[in-house]
Each structure stands twice: as structure tokens, then as C-alpha cells.
Amino acid sequence: MPNYAYIALIPLLPLAGFVVLGLFGRRCFRHFSGLIGTGLVLVSTALALWVAYQYFFGTGHTALAFRSHPLIMLKADWLPFSPHLSIDLSAIIDPISVMMIAVVSFISLMVHIFSLGYMKGEERFATYYAFLGLFTFSMLGLVLSGNLFETYIFWELVGCSSFLLIGYYYERPTAVAAAKKAFIVTRFADLGFLVGILILSFQAKTLDFNMLIVQLLDPRLPHTTFLGISLLSWGLFLIFIGGAGKSAMFPLHIWLPDAMEGPTPVSALIHAATMVVAGVYLVARLYVLYGSDPGVLQIVLYVGAFSALLAAIIACTQTDIKRVLAYSTMSQIGYMMFALGSYGYTASIFHLFTHAFFKALLFLCAGVIIHQVQSNEIKGMGGLRKTMPLTHVCFLVACLAIAGIPPFSGFFSKEDILLAAYQANKLVYLLGLFTSGLTAFYMFRLYFSIFWNKPSERHPHKMPLVESIPLVILALGAAFAGFIPFSRLMNPDGAPEATHGISGMAIAPVALALLGIGIAAYLYGKESDRPAKVVAAVRGFYTFAYHKFYIDEVYSFITKKIIFNLIGRPAAWIDRNIVDGLMNLLAAVTARISAGIKGFQSGKVQDYALYFFAGIAGLTVLFIYIYT
Amino acid sequence: MNLSFLVLVPLITAVAVLFCRGLNGIRWVSLAGATVQLLLSFGLLALYWRERAAGNGTAMLFEYRHAWFPSLNIWYHLGVDGISIAMILLTAFVMEAAILVSWKVERMGKEFFVLLLLLSAGAYGFFLSLDLFTLFFFLEVSVIPKFLLIGIWGSGRKEYSAMKLALMLMGGSALVFIGLLGVYYNTGGAGGPHGFDWQAIAQMHLPAEVQRRFFPFLFVGFGIFTALFPFHTWVPDGHSSAPTAASMFLAGISMKLGGYGCLRVAVYLMPDAARYYSPIIILLATIAIVYGAFATMMQKDLKYINAYSSISHCGFILLGIGMLTQTAITGAVIQMISHGLMTALFFAAIGMIYDRTHTRLVERLGGLLKIMPFFSTVFVIAGLCSLGLPGLSGFVAEMTVFMGSWQHAGEMYRLATILACASIVITAVYILRATGQTIMGPVKDPHYNGLADATWNEKLAGVLLVVGIIAIGIAPFWLSDLLTSGVSVIMGHVEKAIIAGKAVIIKK
Amino acid sequence: MWAGILLSLRQELIVTGIIFFLLFMKVGATEYKTGVVLNWVNVLLLANFVLGFFPVSDATLFSGMFHTNKLIVLEKNILNLGTLIVSLQAYSWLKDHRQVQEFYILLLATLVGFFFMISAGNLLMFYLGLELSTIPLTALSSFDLEKRQSSEAAMKFILSSAFSSALLLFGISLLYGATGTLAFDGIAQRLDGSAFQLFAFILILSGFGFKISAVPFHLWTADVYEGSPVTVTAYLSVVSKGAMFFIFIQALYTVFKPLAGNWYRILVLLSVLTMVVGNLFALRQDKLKRLLAFSSIAQSGFLLAGITGSSRTGEASVIYFILVYIFSNLGAFGVVSLISAQTGKESINDYKGLYASNPLLSWVMAISLFSLAGIPPTAGFFGKFFLLMAGAGKGNYVFIGIAALNMVISLYYYLRVIKAIFMDSQPQPIGKLKIPILPSIAFLICVAGIIMTGLIGWIYDYIYSLSIGI
Amino acid sequence: MSQVPLSHILIVSTALFFIGMYGLFTRRNMITMLMSVELLLNSVNINFVAFNKYLYPDKLEGVFFTLFIIAIAAAEAAVTIAIIINLYRNFHSIDVEATGEMKF
Amino acid sequence: MSASAVVFYILSFFILGTGLLAVTSRKIFRSAIWLLFSLTGIAGLYFWLQMEFIAAVQIVVYVGGIVVLIIFSIFLTQQSGKDLPAPVRKRAIFSGSVVCAGFVLTCLLLRYPFRPLGHPVAGAGLENMGATASVGNIGAQMLSTSEYGYVLPFEVISILLLAAMIGCIVIAIKIKPEDK
């Protein structure tokens, strides 16, 4: 078998980019910094694709035995805790990790290239690329890490770089607030992850993925429970909370829409294609364990389904283009989650794969559009189909893909998911079906109100090549990624799944999607008061959904009112007044006593003599008659 | 190498400073002294590694004994193991940075540097000494310089804070003193000579009831130095009124004296008692962690924020020590180092910002990233380190503590661990609020725009500390390897104690 | 034989010689300049101090009325040193005083008294020495003849000391009645812990307590210290107290050894009272002399704690602490006397901003105060450490704990002075003062002593090797 | 004299002692306080002589002690009176109540 | 009861009575005289104890010296004939009680089995010259350096008297203004 040692380069090159650009970018080469970053990522993308090729199609690698158990390599002892328990730096190689590095590096490359044009002339151009490099490094590290704690390390790094990138326009208070929100919410989720790690590591006495899984599935494991639930389930559940936080599952999704304050390419990279699916990846990584624990899997299922629906509903009401896309991302990830929840491992990964393409594409197109109209509000847009034909086409492709219209990529993955859901849980299946309809609707609502809706005049704005190329490539991906025989490459136990072509199952979703598109066309095809009418019809629910079901408000109430006022302030007050007060009280008491006894020093010599003799008498009585 | 150099170099430097005239001379001389010290510490590290590589397995290396008061069996006794070397390195780093940042001290510059150097001499001696008397001597040496530094060069209610700090620390050392006497008179067994040599004491394994009687004195006494709840109230006032260099040293080193003492003296000499009292220790530590974090959220003044967060972070040290597992104690020591560097960096950044903007109030500052990119970067790095970002030292320390604490199966200990973990979220909250309001956002005050960024010395100081933080953050193995031997010696005693305790229980 | 006697008595004889020399100087025809006299005296005192170290064998003379050994010689040397420093510092006060010779005659008479008291082997000699040292001191304390406070102090001093010595005598008479002898060794043989003897002992103890100003026999201290001239106060606070402690510890460890069980408890009580009361009063003083008076009361509390150890360590640490205390306290008093002699200012508020004008004096003051507070690296730290260590030897940790906490309280008022000197400022601070040569020598000795005595270990060990313990 | 037991003499001296003490405590005139001190010393003298005579007649320690006490008492009285006179110059009164400048 | 006992009791009543008057009389001059009587009574007591020399010294030093000194100082400081200020009521009560308590306490303690050593000297005991308080004897011992020799205290007290004298001169001497 070939050695994959060079795989280490894939994350390290972007890291090098970060270090170099971060330290010297501003001063030495602020204009080439973009090219440097892109170049490095280009190399690692090439490597990643080479790995993927070698892994999936290389000689002798199709062997089941090889796929079935992951390969852990480049093991380096990083922080030993105790003889058997330590954080290693190691790379895991198995189908999903390989697929993920390919996707991540590829999308990141696209974004790098796109940003060359998009972010041109920015004040902190170099910094931007440095951060992108950092993110790419951490994300690749995350997917490659072969040790649970290593995953956590990169998990945190990813969060940090997302924080930095969201806060890129740090002079905008909204951006700062969004960055803070993103970090804190995900941090809160990570607390679950951390405790989960502690539990699992204590149970398994190891952190290495392979060993971990083996140990934990070992029936001889002492079955300890807490509150009647086995510690293993607790651990898995807590880890899922961590995943849910990163993947913006309800109720930890509130940071995602605000995160759109960041530059649009960043949203494309982090908040659409890669980081947000980390949760899915995490669950998939430990899928054998989750599979062994139906209870937790149920939670995953319902959380996923509910988030998908909720996000879709909200998406229908938003008017900020990026927010709509954000909610759709959330909804799609919901799909992946409930796919996992319903044993649709392959389907979920597949959807992750395809979603990366069309969602990134959507965001990049949105970026172009926003530059064109200088606003995020779709109200201001309309009739852009002639002004920016290329964008128009790409956007359309992406919409079709996400709406699940054959033969675009989205169709295949989504259909697999629905199939899995159907086998697992009918209710969830119906939810998924409905959601797919909604998806088609809000996507095309977006599409129509951007590109049609107004009479369009042709003075095509020219797009720099660096921007158009990624769009085209991604569009191709979005269109044809579906034909990759995914199920043969990837499944939990390595055994290829029986792939099913177009079956009857596909009819319903497609029909619903078409219906949704139709409604969208009817409402937003050309300028009219129809949408207003509809809104008026469902006023109450509309406003409710428009305000994202007031979830943000609930959060801010809890944090601002309850935690700050009922815990923080009292703590600070108690510290100053009671704990510190005690210390000052001691001093005050001493002073009082010393003032109290000053009378003895009366300055009268006769008193002195008197006390003198009284002292003698006292001593005499005390030590002759009392203690003898 | 003769360890006395490490104590002498700062003193010699101080004397040299006394004799130089002109601020520049003073600055450069003291900087030179600190640098020599830094190099010496690195040399010490190298020598240590060489010895270990040569297979020298003795607990303490480079021992130096000299009879001080033979009639009382008091020795001037120095020696190092991994832990002390780590602490010495920390001190050297912080001192170098402290001298660099106090370049601008104009008023009574000579006195300032002399006192600073004396302070450091005390710290070095403390970490080096193997005789409890010597240790106590060096522990108390630092009282005067602290008082004067805060009281003369401080800001705000400086006299009050200086007085409070001096008195509370003196109270702490009074408790330590009682504990030491208790230990002393229980050594030597029947009629044998009493002694202060702590290795010998540890070998002779004090009787359990003695341990239980005197452990609280030692632990609380040292605990006051490291902000043990509820004796932490000197920290906010002291740190916030102190001049930059002094607060760097206070939070970076002085608070570590306490942790080191708790570990080296209290736990090492009295393992039984340590086990006996560990629930109380854990309780207090957890309170300090959580409550300190919450109290921090409400602070308006940057220095207060950092001071309170120090309380919370030093809670981790005590937590780790109280858990009495190898990993947890290692984590505690790493946390000492990490917090030392991190908080020093924080105070340095705050001080430099304060020098320019003349305010430390969060709501007055804003958008500094645009004006002073260097300070802001340093500040952000310190912040990220304090909220435990991987790649920076804070993460390593905290994770080790958590890992180790979790090894201690037991509902209450687990709960404490989880609460401690939860505190890192709160940490994130207050750090990001502070950062978001001061570093990011629009520039609040127009005439901040004219302010200059770091000068070379400030940059050097910042870089020095950042390098330290990152060196631990991305390659923690060397540190943990350095500490292992020392910690396992301590753990050896603790386990012996556990076995002994079990034996006692069985007898009953 | 006579040579031997004279040799063993040499310290007393030298000092007496100086007394007569001064007397002749005074009564002689020629009127000497004050400065000349002062230089002469200090040279003589220096010579006296140096000759003190001349080695001599132990001896017991005059049928046990006078005995001397290495430890006693050392103690006398310590007293000589104290006197020398005091007289060096007295320069700035005395140089425009008319009656220098008389001052020194009285001072040295008290010194002789202390010498005889220390080497007394017999209650009669002890009493004589005591009175010889007390009566001239009272005269000295009213040496500022025009100052109301000075004469008030003297009045309080002599009346209280007369009263206390009357009680002491009453006790001695009862002890004589009970044991039939005045010789120390004879008494030691005939002591049984009977109530009558205990009563006699307590009366005698009160006499000691008066001189070492132990609570509740301390009340004269503050007023006398405040009222007397600073030099006299300094002398009172170190030499007189030190000599008293020397004889006290001898008496307790040898004469009253049979009553050890009883006096241990009494001393613990007195020690606690003395520390606490001294500190509590010192907290609220604004006059520096008065503050130092109360601080010296607290210090004797610590010394008592050392004595309670009733061990060799105890004796050694007490003597060692006296040495340290001479340096520290005289350092502080030296500054006070210099300033009060040149500006007449004696309150803490006057010292605000002193550092700005007189850094040198300020540092001397600071170092002395830190040594008094017992903070390393000053010798005071070692002194206190050993005292309490000796005290802890009995295993009474509550007592030692109270003592340790008292160290914290005492730190507060010492730091108040430091704060005034270094941190505060005032509209019209004390101007730049010129330090004459003799006082500066004294300061040098004090500071050197404060730094060295602790760090150089053999000083303590030498004392330890001489001391006998109980 | 042998019929009178020692204890009676001692009681007399003790009584004298406490009379003197009472005087010392209550008399506001310094000279009268000095007188009371003399009474105290005399009672001590009586003690010494009596003890010597009754119990330890083979040595004269008590007698000698008495002699020295008398001498010292004289010296003390002289100094006290000198101090009092000087104080009178400063305060124009010798009432102890008048001299309370230094207190607390 | 024998005559000498009677004499003793009369003497002691005289001593105590006059002493009490001395410390209570409101006329300072009278109290000085009462003191004089009391001291003389004590001298009588010494005679009764057959300590003639001590008695003589008592008369000479106290009666002849100290009391006279006191009277002079009264003349110097006091315009005679004026009553002394009454003692402070509170202190008088308190000290009265303390003194009584002390007296009772001491008397209780005086019940101590004194063990005579050596034999009491009956009358003019010619047995051991060492012990009789004859003038010659005392003088001899006072200046002898041998066993029971008191030369050293004698010398010491000489210094003391010298110092006291100088002290008195320094303090009491009237400083002429121009000397200051």
C-alpha cells in the first residue's frame, strides 16, 4: 500500500500561509499576499485530490478489508496525560476523511480564487488571506484528526478562525456582535463536547478513534449509569450537542444568520460548505457508536428534522439574501442530521458533498449580486438576468440543485435521504417531504425576485475572470456531482450499499419541488401585489416567522436579564461588600477595641500605680488560688 | 552549576543599579541583569536535561547546602527539579518583560528598578530553596518591595491597596509560619534533631494527626497568596492599583508562590491530610473558579477584569492540586506557568494602552485595533489564551487539569470538574466582551487617533511573552515531560499516604 | 588575686573611670567646649566597647555577690554597644546643651548599675544595681529642664519606679523570710512551690515587669518615653530594657527554676497581654515617640514569648533579639532624635514627604522599621522567628498563633510610618537636614547591624554556644 | 520580745505597707505621695529586721539589706524632691491631677 | 502577757495610727509631722528588737534627714496653712477596697510555716560574734571582702549616692537666664 505521509502537507501548507501572511503580509507583500495564499491552497488541493484518487480508485484499495477500518498514521505524542491516555497528533484516513479533505480544500481554493477579485483593494487584504489560511488549516486538521481530543483542538481553532473572519469588518458593531455571538454560542455547545470527551475517554481509557470505538463497543465494559442513563449515552449525547452547536441545529442555530456579517466568500466557505457541516462529520466519525445507541440517534433524528423545517419556514420570510441562504443552509444540514438519525449514513454524507457545491455557488453568486446592487435586500433587486447573465445561469443551476430537480446533484442526495427517512420514520419522512417543497419555494422566491420581477435592462457588468472561473467550476460541480457513484465509495462499515437508480420514491419530492417553484414563479415572477396579499392572509404566523420565532429574544432575555442580573451582578456585589467587607470589618473591629481600651492610659500616675497593684493581685489570685 | 547565582544575579544587578546615574544607565543595567538571568535559566534547563539524559535519577539536582544556623539545624539549601526549573523560567521571562515595559518609569526610577529586582530575587530564592526556613525567608522578602512598588508608583487607591495587600499576605505568611513550626517540632522523632529539610521530612512521613492539625495552616497560608476563596480580596485592589510591571509580577509570579507552596510544602509533606481535606479544597477552588468568573463579567475596568479572571484561573491551580491525581497536579503546574505568562502579557498590554489613553474603562475605549494594531493583537492573543484556545498555553493547562480531575471518580469531584469546564464558557463571555468593546468597534474617542503604537521595548516584551505562550501551546510535551519527574515524586508520597491510610482503616 | 578581681571587674571599672574622668573635667578649672567633651566621651566609650572583648575567665567574687562568665561579658558588651550608639546619636541634641558632663555621668552611672545587676549573684546586689540604674535615669528623663513634659515624665517615672521597687523589696523581704538567704543559689535550693513563695515571686516579677514594661505594669512607659528627651528614651528602650531582660532570664532560668511550671503559665499570660495591648495602643498613635514606645512594649511581649520556651534556644534567641533590637530601635530613634533636634517635629504627619528631602534618613528609618516589624532580609525577621520558635518548643500553638497574628497587626502601624515617609506629601515638608559625622557613624552601625546580624549565621550560633538554658 | 510571735510583727509591717499604698493612691500632693513611699520602704525594713532577728539570727543579711534600703531611700527622696521642685517651676503646682498632659 | 509584749503592741498601734494620720490628714504640714512620729515609732520598734544600730540610723537618716528635706520642700512648693485638695472620690473608694483586699490576701498568705535556721540569739548573744548587730560587728562586715563581707555593695552605693547628688544638682539648680 502507498504511504500517505505527504498528507501532512495538506493542512500544513495553509498554516504556512497563515504564519507568513500574518507576520509579514501587511508590510512586505500586501499585494501578492492573495496569490501566495491561493498558491499554497492550490498545492494542497492538488494533493488532496491525489489522495482521494489514490484512495478510492488506487490499486488494491477497493478491497473491503481496507476500507472497513480506518487507517491511523503519522502518530505523534503531543500531550501525554497518563501512560495510556494522551493527545496524539495523527491523521486518520478513511472514506469520509478523504472525501472531506477533497471537498474542503477544493471549496477553499475556489473561495481563495474568488476573493482575489472580490476582496481586491481591501485595507486588510493580507490579514484576510491569513485568516482564510488559518481556517483552511484548522478545517483540514479537523477532518483529518485521528484522535478525539485532536478533533476538539481543531474544532476550537475552526471556531476561532470563524470568529476572526466574521469580525473581519471589526469597525461595524453588528459584525463584532455577530462574531461574539457565534463564538460564545458554539463555545457553549463545545462545553458539551468537552465533557463528552471526558466521559468517553474515562470509559475507554483512550482517545484514539479506532481504539476508542473498539473499547466502547466492548461488551465487557463496566456499564455505569448516571440518572439511569448509561454514561456512554451521556457522552454521545453531549458530543452531539457540540456538533449541533457548530452545525447550527435548533436551538443552537441563532448564531448562523448573524454570521452573515462576514465577507460573502467567507460565508460561502465557512458558513455554507465546510465548517457548519463539522457537526455532521463528527457524528459520522463516531457513527458506529451512535448506531449502537438508538436513543441518542432518535434525538439526532428529531433535532435534525425540526431544524430543517423551522429553518425552511423562516427562510420563506426573510428578505436579506444572505440570511435566506443562511437559513437554507441550516435547513439542509438538518437534512443531513436526520439522515444520520435514520441510518442514512451514506445519504447524509452524499448530501454534505453535493450541498457543498451548490451552497458555495449560491453564496458566491450572492456576493457578486451584492457588489452589483450594493445591498443585501432583495427588495432593491430584480431584473438582473440580463445585467449579469453568467451569475444568473449559475444561480439558476444552484437553485435547481438545491430544489432537488433531476438531474442536478441535489436531487440524488436528497432523494437518498428521503428514502432513508422513509424506511426509518414516517413522520420525519413527511416533514422532509414538506421541507423539500418549501426549499424549492423559497429558493425560487429568491431567484425570481432577484432576476425577474422587474423589467431588466441590458448593460452587462463585466466580471473579473478570477470571479467567474470559480462560479463556473462550482456550477459544473453542482450540476453533475450527483452522478458520482457515492454509495459505492462510502458507508459506515465499508460494505458498498446497493445503489438504487430512479425509483418510485423520487416522484413525490420532485413533484412538490415543482409545485413550490410554480408558486414562487406565480408570486414573484413579475412585480405584483400578490405576495402582499398572501402575507396579509397569514399575517400573524408571518410576523412570527419573520422574527425567527423570537428565539433570539428568548436568548438575550436569559443572558442579559437572568445571568447578568441574577448571577453576575450579585457575585460582584457580594465580593466587594461581603467577602471584602469581612476583611475590612476585622480591621474596623481592631480599631474599635483599641479605641475602647484607651482609658487605661489615663495619664494619671496614681491610676497607673493602682492598676499595677491590681495586676499583682489579679495574678496572685489567678495563679495561687485558681491554677495550682 | 551553583544555584546561588540565580539569587545573586538580581541582587548584584540591584547594587549595580544603585551605583549608576542617569535613567538610561539604570534601565540598561537592569535589562542586562534580567537578560543574564534569562540566559542562566535556559542554561539551567539545558544542564537539567543533560543530567537526566545522563540517567541521573535523583529527585533534586545541583543541590547546594550551607549551614546557616547549625544550632537550630537550619540550612541554606538549594536545589532544583523540573517543577522549580519551570517556575524559574517563568520568572525569568516575566522579569525580562517587566523591565522592558517599565522603560518609561521616570519618577524615582532607580528605586523602582532596585525594588523590582529585589522582588525577583525573592521569587528565585523561593523556587530554589529546599529548606523550609530558606523558603519562608524568601517568601517574606517580597513583602516590602510589593508594598512600596504599589504604594509609590501605583494608581487609584494605591495606599489602601498596598496596605491591604501587605497585611493579607503577611497574615498568610503568619499562618505558614505556624504550620512550619508545627512541622519542625514534629520532625526528628524521639529526641532526634528537629529540622527544616523538606525532603527529609517527607521521607519520615509525619504522623497523621500532626498532618491534620497543621495542614490547614500551611495550605490556607499559601492559599492566600494564590487567591484562595475567601481570602482573595487583596487581588483585585492590589493588581489594579499596582504599576504595570508590579502587576505583571504580582499576578504572574507572586500568586504562583502560593500555588507552589501549596503543592510543594502542604501536599508533599502532608499527603494524608491532603487527602483528608481534599473535598474542602475542591469546594473552595470550584467556588473561586465559578464565582470569580461571574464577578469578572461585571467589571468595567480592564485591570479589574484581569484581576478577577486571575482569581478564577488560580482556582484551576488549586483544583488541580486538590484532586491529587498525577495528571491534575501536572495540569496545575502547567496552569501556573501558563497563567503567569498570560496574565503578565495581559497586564503589559493593559498598562501600555493605559499609558497612552489614560483610561482603563472598557466603555471609554474602542477601535484600538485600528490605532494600535500591535497592542491589540497582543491583547487578543492574551484573551484567547485565557479563554483556552488550542495552540496557546491556556488550553494545554486547562485540559490537563480537566483530564486529571475527571480521573477522580466520585460524584462531587465530577460535578466540580464540570463546573470548572463550564467556567471556560463564562471566560469566553467576558473576554470577548472586553475585546469586542475595546479592541474592535468604532473608535470612541477622536483624539485616540493620534496615539502611537508600541515602541521597540514594548514590542520586545510582548513578543517575549507571546513566544512563551505559543511555545507551550503548540509543543506542550516538553513542559509536561519536564514536570513529570517532580510531580511523580509528589504523587509517590500521596499514593504511599493513600495506602497507609487504607492500612489504618483496615486496622480499625 | 587582686589582679584577677580587677580583671573580672574591668568593664565596671572602666566605666567608673570614665565617670570620674568626666567629673574631674567638670570640676576642674578649665571650661571645655561641648564638642570637645562629646568627642572625648565617644572615643572613651568606643575604647570601653573594644576593651570589653578582652577575653577573661569566669569568676565568682565577694562570696558570690558578683559573678561573671562569657555570656555575661557578652551581654555587657551588647549594652556597651547600645550606649555607644546612643551617645553617638545624642550629638545633635547635646551639642548645644550646657550640662554634657553631668548627662554622661548619670548615663554611665546607670550603665554601671546594669553591669552590677547583670552579674549580681545575690538579691542585695541585684537591688542595688537596679536602683543605681533607675534613680539616675529618672534624673535624666527630666533633663530638658524647661520642658513641661520632660519634668512630668520624670515625676511619673520616679514615683512609679519607687512604688514598683517598694513592691519588689516587699517581695524580696518575704522571699528572705521564706528561704533565709539572699544568695541566688541558696534561694534556688530552698524554693518549694508554696503559695507564700509564689506570692513573693509574683511581687518580684512585678518589679521586673515594671522595668521591661510588661502589661499590666507598663503604664508608665508611654508617658515617660514621650516626655523624656529622645536620647534618654532610646536608652531606656534598648539598654535599660535589654539589661533587664538579661537579668530576668537569668533569674527565671536559675533562681526560680523550681517554680518553672508556675512561671511558665504566668509568662504566657503576660506575654499575650503585652503583645496585644502594646499593638492595640500603637495602632492609634500619631506621635512617633509614643508609637515607638508602644511598639517596644509589644516587642517585650515577643521577648517574653521567647523566654517561655525555657530552653537553650529560648535564652539564646532572647539575647540575640536584644542585640537585633538595639540596632533596629536605635536606628529608628536615631532618625527621630536627629529630626526632633533640628526641627522639633515628632509627629507622623510631620514626616510626610520626608523621602523627597532626606532619602538617606528615610531609608534608615524604613529599614529599622521593617526590622522591627520582622520582615526579611532584616535581622528582625530572624530575631522574631527564633523567639517564636523557642516559644513553640513547649507545643502551645494557640499562644504562638496569637503572637504571629500580632506580627500582622504590628506591621500595620510600621507601614503607616513608611507610607507617610514615602507616599504622602504635605505643603511644608521637613527640609534637607545635615547629618553630623557622629550620628552618621551611628546610622552606619545600625544599618550594617540590621543587615548583617541575621544573614551571618554564626552570631546567633556564638550566643547559642554560650547560653546555658534552663 | 520572744512572747510576741513573728506573725504579729509581720502583720504590723503589712498594715503599714498598705497604709502607705493607700496614701500613694489617694494623695494628690506629690510630696505626700513621697511620704507614703517612705512608709512603704519602712514596712519593708521592719520585715527584714524581724525576719533576721527571729529566723536567721546567725547572719546579718537582713540588717544589711535594711541599711542599704535606708540609704537608697534617702537618695531616692532627694532626687524625687529635686524633680518635684523642677516640676513646680514648670507647672506652678504639685498636684498630680494637674499633670496629665501625656495620655492615651 | 509580759511587759515587752505590751510595749510592742503599744508601739505598733502608735506606728499604724500615726501612719494612717500621715496619709489622710488634710493639712500637709501636719501629715509631715505625723510621718515623723510614725518613723520615730519604727525606730522604737527597732530598739525593741534590740537592733540599736538600725534604730540609730533610722533616727538619723529618716527623722533627721528625709523628713527635714520633705519639710523644706513643702516650704519651697506650698503656701502652708492651706488645706490639701481632697482625694478624688472614685479613686479613693476603689483604692481603699483594693488595699483592703490586698491586706487580707497578704495576711492570709502570711500563715506560712517559717522554719528558723540556726538558733535565736537570746539577749546579748555572746556565742557567735558573727551574728550580733553590734556597731563594731556591722562596721567590720561592711568593709570586709571575706565571707559575708559587704564591701562591694558599699562601693556600689557610693556611686549611687554620687550619681544621685549630681542628678539633684543638675535638676534642682536654678538656671540663670543669661546661661541659657
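Note that the chains are named A, B, C, D and E in the order they appear, and that numbering of residues resets to 1 at the start of each chain.
Please note the rule applied: a contact is a pair of C-beta atoms (placed from the backbone, for glycine too) under 8 Å apart; a residue touches a chain by one contact, two chains touch by 3 or more.
Quantities reported herein were computed from a predicted structural model and do not represent experimental measurements.
Where touching is counted per the definition, the chains common to chain A and chain C are B, D, E. Looking at contacts between chains, the pair that accounts for the most C-beta pairs is D-E.
Distance from each chain's C-alpha mean to the overall C-alpha mean is smallest for B. Once the centre of each chain is set as its mean CA position, chain C and chain E turn out to be 31 Å apart. The centroid of the Cα atoms in chain A and the matching centroid in chain E are 104 Å apart. Once the centre of each chain is set as its mean CA position, chain B and chain C turn out to be 42 Å apart.
As a whole-number value, the distance joining the C-alpha centres of chain A and chain D reads 98 Å. Across the assembly, chain E contributes 91, 95, 98, 102, 106, 109-110, 114-115, 117, 148, 150, 153, 157, 160, 164, 167-168, 171 as residues in contact with two or more other chains. Among all residues of chain D, those that touch two or more other chains are 10, 17, 20-21, 24-26, 28, 33-34, 51, 55-56, 61, 64, 68, 72, 75-76, 79, 82-84, 86, 96-97, 99, 101-104. The residues of chain A that reach two or more other chains are 598, 601, 603, 605-607, 609-610, 613-614, 620, 624, listed in rising order.
Listed by label, the pairs of touching chains are A-B, A-C, A-D, A-E, B-C, C-D, C-E, D-E.
Considering their complex, residues 598, 601-606, 609-610, 613 of chain A touch chain D.
On the side of chain E, the complex with chain D involves touching residues 1-2, 4-5, 8, 12, 15-16, 19-20, 22-24, 28, 31-32, 35, 38-39, 42, 45-46, 48-51, 53-54, 57-58, 61-62, 65-66, 69-70, 73-74, 76-78, 84-85, 87-88, 91-92, 95-96, 98-100, 102-103, 106-107, 110-111, 114-122, 125, 128, 130-131, 133, 137-138, 141-142, 148, 150, 153, 157, 160-161, 164-165, 167-168, 171-172. Touching chain E in their complex are the following residues of chain A: 606-607, 610, 613-614, 617, 620-621, 624. Listing the residues of chain E that touch chain C in their complex gives 106, 109-110, 112, 114-115, 117, 145-153, 156-157, 159-160, 162-164, 166-171, 175, 179-180. Residues of chain B that touch chain C in their complex: 67-72, 74, 133, 136-138, 140-141, 143-144, 147-148, 151-152, 158-159, 162-163, 166-167, 170-171, 174-175, 177-178, 181-182, 184-185.
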